[in-house]
Amino acid sequence: MAPLMEDEVFMAFTTYAAIVILKMSLMAPMTAFFRFSRGAFANEEDVALKPSEERKKLLRSHPDVERVRRCHQNDLENIVPFVLVGLLYALTGPELSAALLHFRVFAGSRIFHTIAYVGALPQPSRALSWMIGFLVTISMSYRVLSKVLVL
Amino acid sequence: MAPLMEDEVFMAFTTYAAIVILKMSLMAPMTAFFRFSRGAFANEEDVALKPSEERKKLLRSHPDVERVRRCHQNDLENIVPFVLVGLLYALTGPELSAALLHFRVFAGSRIFHTIAYVGALPQPSRALSWMIGFLVTISMSYRVLSKVLVL
Amino acid sequence: MAPLMEDEVFMAFTTYAAIVILKMSLMAPMTAFFRFSRGAFANEEDVALKPSEERKKLLRSHPDVERVRRCHQNDLENIVPFVLVGLLYALTGPELSAALLHFRVFAGSRIFHTIAYVGALPQPSRALSWMIGFLVTISMSYRVLSKVLVL
């Protein structure tokens, strides 16, 4: 193991980073599931085995598929910055308790965000869960820039 | 602080990585601003509180919202690779002056890219700013692969 | 060079990470090539120099451009998680042979995925190459979480 992996804050970062990246990756099979169950595909080769009269009808977008794709996109826009900034944040040597607070709140907010998005829960549930995750990333960025600033 | 954070090149990388990720993250509130000001939403639950006759009209795409979203997408396609390659590049021990040149040019080019995209400045302002950032990432990748190659 | 760059597993990670990020970045010039050759642009300023009667016709989407863009998006959804999890995986000190197997299979699967997607090869070529890359990332995530778990 690299020496970094003996640092508790870095280990905590590693754990939560792996969890939120796994969560994000699972949006891909979820999109595939909705594409098959709703019959909505994006590529001609994906429907080549269907009877020819059905093919055109299957090359369409479906609201449920688009919803899952927007959720996946939102993960890309939020989870990737969290992991990148979180890595730098963990290297600035924060208190373990402060770091865990950031990581746990972020992971919880993004899991709830997915439930709120895919389940179409009434607003402001999705907006609030997005906002909480966003603020965690901003807070870590602030710590990083206030500890390390070489312009 | 981790020993890495005592290395000046890594501190410079950390600074500019945090700045460009922050810039990218700010595209999300900018999208929200344009969604509200232009009245163009993507989800039914986002317009549930509006009078029912207005709801359908608000579930639409608007050119200004789409423009900000394309800019955000372009950031994802360019800033994320910069941060990932830049991390590896910083670990290969480049000269501080060379590293700072890469990081400053990239950050400047992406900030100008956003202004050119959202402000719809005449081409080739956006194309050139994109190209400059792209070449910085290619240059860092070249350095990484020429210093470290284990296939 | 940072001490990390004397570790063979980390050097192998660095090599393959740079390769797959370069591959992903090359989707942008490929998109530009298809936009120009197919005459399909997204922004008014991109067609401002064309005769005014042609402009509206050029502001359209084209199936070939959309295909390359979906391929780029799929790279973002798969290559970025690979690099992020792969970095953590390399730090957990796996055997060099096991690490190289993961990295090589992933890089090969994503290069083939691009060929299958842009070339519209018959399914399940694209689905299988996607699945192989996906399983590599899951396997590395599993190793990371089984070695390092601080919740």
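All chains are identified by letter, namely A, B and C, in their written order; residue positions are counted from 1 within each chain.
Everything that follows uses one rule, which is that a contact is a pair of C-beta atoms (placed from the backbone, for glycine too) under 8 Å apart; a residue touches a chain by one contact, two chains touch by 3 or more.
Bear in mind the structure is a predicted one, so any value in this text is a computation, not a measurement.
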item	value
Classification of the subunit B:subunit C interface as same or different, half of numbers criterion	different
Rotational angle, Cα trace of subunit A fitted to subunit C, multiple of 5°	120
Gap in Å, rounded to a whole number, between the CA centres of subunit C and subunit B	17
Of all residues in subunit B, the ones touching two or more other chains	4, 76, 80, 84, 87
Contacting residues of subunit B [partner subunit A, same complex]	1-2, 4-5, 8, 11-12, 14-15, 17-19, 21-22, 24-25, 27-28, 42-46, 48-49, 72, 76, 80, 83-84, 87
Touching residues on subunit C, where the partner in the complex is subunit A	4, 7, 10, 67, 70, 76-78, 80-81, 84-85, 87-88, 90-93, 120-123, 126, 130, 134, 137-138, 141, 144-145, 147-151
